[in-house]
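What follows is one structure encoded as structure tokens, with my remarks underneath.
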């Protein structure tokens, strides 16, 4: 195995095709967000398109598709810990939101104690 | 194993030049890329931090001698305990073992010339220095009184300048920590020598590796947390500060997502040192190698799932508290596995009670108490009264100080001959271990009781305020316990001073150290004491790191010498479990 | 010193855990549950501690290096052992989790008949609001009556901790937090702030008074709800009760790290940070209380003074405080006419009168009343019909 | 793990082979692993802000729906495209290093930095606009009509200074490339100066373009921004022609394609600015205080305006009602309350935190690219040693990747 070929070299057509796909997906997401009204699916579709783009960048531009699996593992585990952090925090935050709402409600309501 | 008797030089004729004396200019130290010199510079730095943090600790203990506070007013006391905590956590414990012993010994244990990124390593040290400068700035501004946790909204509304200085210091120290961890992970991953499979690495490397993983995954969250906190204090961006619609409990989530795993950054390297020292001093292969190695990784990963247990009474929701409590108990299992395996290693050994071993025993005693009292705190119902009391203070000092600091001392006594080529006075070393052990227990055990009686932490005085005195019986009990604690602190300090004196005296008057004074089988004992600039003359060959049967005490050398192996290691029963 | 304090403490120390009295007196229903669980964990810990450290010591002495002793072969791993010492602790901690979980759910679930007491924490006091409108800085309750504390914070994080009831919950600004207890014994207990909250954190304690009978409690409640007739006397009480005393003296000296003395306040002209002066009159005092950061006198760190909104100090109470501060002024002459006036519900009128008199004497007569009226309209929603009397005096 | 297996090509010692690595392959893989680990820390670094975003969006969807309308999706999309193009050029640069195409390597790297400059330029246009409209973070949020300050004569000077420094910057880039290809000694200095010129230029221009009073014609603005974009496009075009003359035919055409893209982007940027300018003009001329933009005020009603209206209404979001609410607002409410008319500020807190930290990453990227360009011009990289190009490329892709999420999450909320 000669050194020049020990690393994957991405061909130009692949690079440009990836780029074209990325631009296409960007236009799609702008169109979807401004012209289509998908209601409850909107967030999922937006994030889905973003993730598709992210995957293209990671797999082809960042060459994860041809790289050692360890590097993919690192990226994936970073994202997993990201998810862990956000999801646990969000879970707790949503649970105690009523106590904040109640507080704001009371604060804006007339005072309980008789003001002079 | 291709080592033969004649290929191993046991130190008969040491080369005159080593990493310490190969060049002498200041620049050769300041710009060195040698991991050993960087490790030594770190050692000096963190010892200064320890001294500083220790002085603040003594000030705290003295203050609490009298119920009304002996030395300072409240404000001053608050600043002192804040600096004690922040300095000890960010400047001392987190970098202590990885940055000194990790830097010094990780490449040597791998038979490598250096870590993967030597320049990044030096950068990491200077980031530590700059971070320290920010802390000094925070001290000079006077008024960093937020506690080391920087809880909002208090940190966002008072004493802005020192808070911003200190948080920026933490931010920079975070980078230092990330660089160190990254370096170690990459080094272990890519630079292991031929023959050193994952399960033939010394256990110290496993623990440093696990620590590196935590440093990489947790520290950036601290970075963004302090950055947002700084923005909150300066611009009032309303994410954490309730005065602007933010949420202080959210800050606690952010903070503990780093700071709980950080606890394992502190203790895992300590456990690694114990796993390394124990078999050497017991002359027995480590018991359950694979379980100890994997439990390090398990602790590192499980450590990320439990941060919410710092918030059981911080108005975290009940469901989150329950989930976090359940997950918290999971961490106790791998920790328990380690302790039991250490015990099993001692079984039928030939225990050399050197200073290093004395500290190892102290560690096991203190860490057991620290770990077991974690059960009181992990259990939801009992945590409620104990939270934020001296019980917690005692618990984490048993783990962090009784764990991390004692392991650090064990390591320093173990490796001092290798690092500086001088033997220390064994008797005084053991005296220091005794004093530290006794002093430590005297200082912190009464604090468990203080905590259950209800003494809250971070109190500058405990007599109550005018018109509302704390009940007399309680003040009496508090006073007695605090005084035992303060007395113990002086014993502890004496022990530490003696330890420092023993080590420094060794530098001046110590006998020249042989290559292998304790009979260790890891690679650092095959190079000279102190090691030469490039560590090894020839690439060392890798054997079983816990195989001691081919070693023999040589009174002439004052150390151990290696005999040809009785039988090839590959077929030995003493091979680590992992290689099967 | 050693003989006096250290020695007795050392002698007592081993006896303490033996007595089984880790916690102090248990005075609530929940406390007994916590104590039992704590004792269980203690025994469990003791067992493991003795096991581990005992084995360590035995090995240490048995296998210590000595002449002729050599290490012996023993297996270097055993999956059976590893499983044993993983599974048994797992089961035990699972048990602890379940027990702790149960106890915790009880702690977080107040009974339906709980008596609500409002808690407002501020630097560095707790204020308790009773349903009948009474306010006090002591927590009072009755034996056998479950009490739910509805907590809010005026500034930073605090934590209300009652060791005797084994209960604690942070008080968080911007939201409510709750805790509850049911006392089982009458008496006076300590109450601490357990979450670090700044300078006087260690002085933010109070008492919990548990009354034997409901009648006793009601009597106390009625008493606390009736302020003294004399506003100066009332002001003096508030001076202690609202925490002014911690930072402000009454003898002209400045407390270290605190604020100006009350004696130096009324009727003097003060230099402000950032230029300008202010005259120590009623408006100044009101502003200093409601918006302390707006006018900071030179030589003081205004940042330490928390704002006291109306939920903490009612307007009536402000009047009393002003009367008190006024009485401290060196050139104070008791005014015979005003005293009966403040006793009536129309204290607001008093302030107005005084401001009017004041403005006649001050160099800037234009500004002062205007500020006053803005202040009042800003702060006063119209929904106080029962107090309409005072509106008459000041609506433009 | 084959890191320790020596490669045939590794046997000759390379000049950039660090002494502590056994083989060059080992060195390359170590660097790459290090970079990936660093990227993992970057992901977690951003996680804090994504967490804050998620939480406040889940709890206050109405605030996000209201406030995001002040962001211009056209500018956001333009910046997304700029970053995508730069990602392509970086990937291409790596390929060039692998295949030993020195000229294209250099060209691609320089082009990437230019893209970074454009990104920062557009970003500063956006920031300036928001600053002057009072669309700031929570405590400083003060969205009031007609809050554009007049910079006076300093304004014109600023714009000219921007144009001149941009021109100088572009010229020095060209010179630097020439010198880099010819005399491989001093081009690092040239390139650094060039980049500083470009950055200063684009920021100044952006400021000048936005803060302008509308009495200054829109034509002036068009010229500014157009000149800016065209200068960059032409600069890289000329550079490409000079650099590639005779070196590589296929690549030359490809480079023309890139240059055309840059010009296109410049035009897009121009269009975006014209669009912005039109919005301004509308706001001032039609004084139609229509209530399109009343939207979700503090009361928290869900804003429901079709996107057409949204676009037309533009800055009419400074609706009278909002203004009225701002006036009603009292300090006490801000200090001790969550919601108030200033509450949309929470969106901008998060917006500034996320995009600001991202922009700092872009700046750091520019810094390392300068270093890489310096080394590329010095001819350090070749198929057996191109690690640094790949590592910096990975970093740049991650910055792009984060923006890929920031764009829809901030600009495209419904």
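Read from first to last, the chains carry the letters A, B, C and D; within each, the first residue is number 1.
Keep this in mind: contacts are C-beta pairs under 8 Å (C-beta built on N, C-alpha and C of every residue); 3 or more make two chains touch, one makes a residue touch a chain.
Being a predicted model, the structure only gives us computed values, none of them experimental.
Participant: Count the C-beta pairs in contact for B-D and for B-C, then report the pair with the higher count.
Facilitator: By number of C-beta pairs in contact, B-C is the larger.
Participant: Using each chain's Cα centroid, which is most distant from the centroid of chain A?
Facilitator: Following the centroid criterion, the farthest chain would be C.
Participant: Let me have the rounded angstrom distance from the C-alpha centre of chain B over to the C-alpha centre of chain D, please.
Facilitator: Taking the mean C-alpha position of each chain, the two centres sit 42 Å apart.
Participant: Report the inter-centroid distance (CA atoms only) between chain A and chain B in whole Å.
Facilitator: The mean C-alpha positions of chain A and chain B differ by 36 Å.
Participant: In whole angstrom, what separates the CA-based centres of chain A and chain D?
Facilitator: 19
Participant: Would you give the residues of chain B that are in contact with at least 2 other chains, written as numbers and ranges?
Facilitator: 189, 217, 221, 242-243, 245-247, 249-250, 254, 315, 318 - these are the residues of chain B that touch more than one other chain.
Participant: Residues of chain C that touch two or more other chains: which are they?
Facilitator: Residues 174-175, 177 of chain C each touch two or more of the other chains.
Participant: Would you give the residues of chain A that are in contact with at least 2 other chains, written as numbers and ranges?
Facilitator: 70, 77-78, 81, 85, 89, 93, 96, 99-100
Participant: Enumerate the contact residues on chain D facing chain A in the complex.
Facilitator: Touching chain A: residues 7-10, 25, 28-29, 32-33, 36-37, 39-41, 43-44, 47, 50-51, 54-55, 58-59, 73, 77, 80-81, 84-85, 87-88, 90-92, 94-95, 98-99, 254, 307, 336-339, 383-384, 393-394, 397-398, 400-401, 404-405, 407-409, 411-414 of chain D.
Participant: Within the complex, which stretch of chain B touches chain D?
Facilitator: 107, 112-118, 120, 178, 182-183, 185-187, 189-194, 216-221, 223-225, 227-228, 231, 235-239, 242-247, 250, 254
Participant: Mind listing the chain B positions that touch chain C in their complex?
Facilitator: 69, 73-75, 77-78, 145, 147, 151, 153-154, 157-159, 242-243, 245-249, 282-291, 312-315, 318, 321-322, 325-326, 329, 332-333, 336-337, 339-341, 343-344, 346-353, 361, 364-365, 368-369, 372-373, 375-376, 378-385, 387-389, 446, 449, 452-454, 456-462, 464-468, 470-471, 474, 479-481, 483-484, 487, 546, 548, 573-574, 576-577
Participant: What residues of chain C sit close enough to touch chain B in their complex?
Facilitator: 2, 5-6, 8-10, 12-13, 16-17, 22-24, 33-34, 37-38, 41-42, 44-45, 48-49, 52-53, 55-56, 59-60, 63-65, 69-78, 81-82, 85-86, 89-90, 93-94, 96-97, 99-108, 137-138, 155-157, 159, 161, 163-164, 166-170, 172-175, 177, 188-190, 192-207, 240, 245-246, 256-257, 303-304
Participant: Report the residues of chain B in contact with chain A in the complex, numbered from low to high.
Facilitator: 189, 217, 221, 247, 249-250, 253-254, 257, 304-305, 308, 315-320, 323
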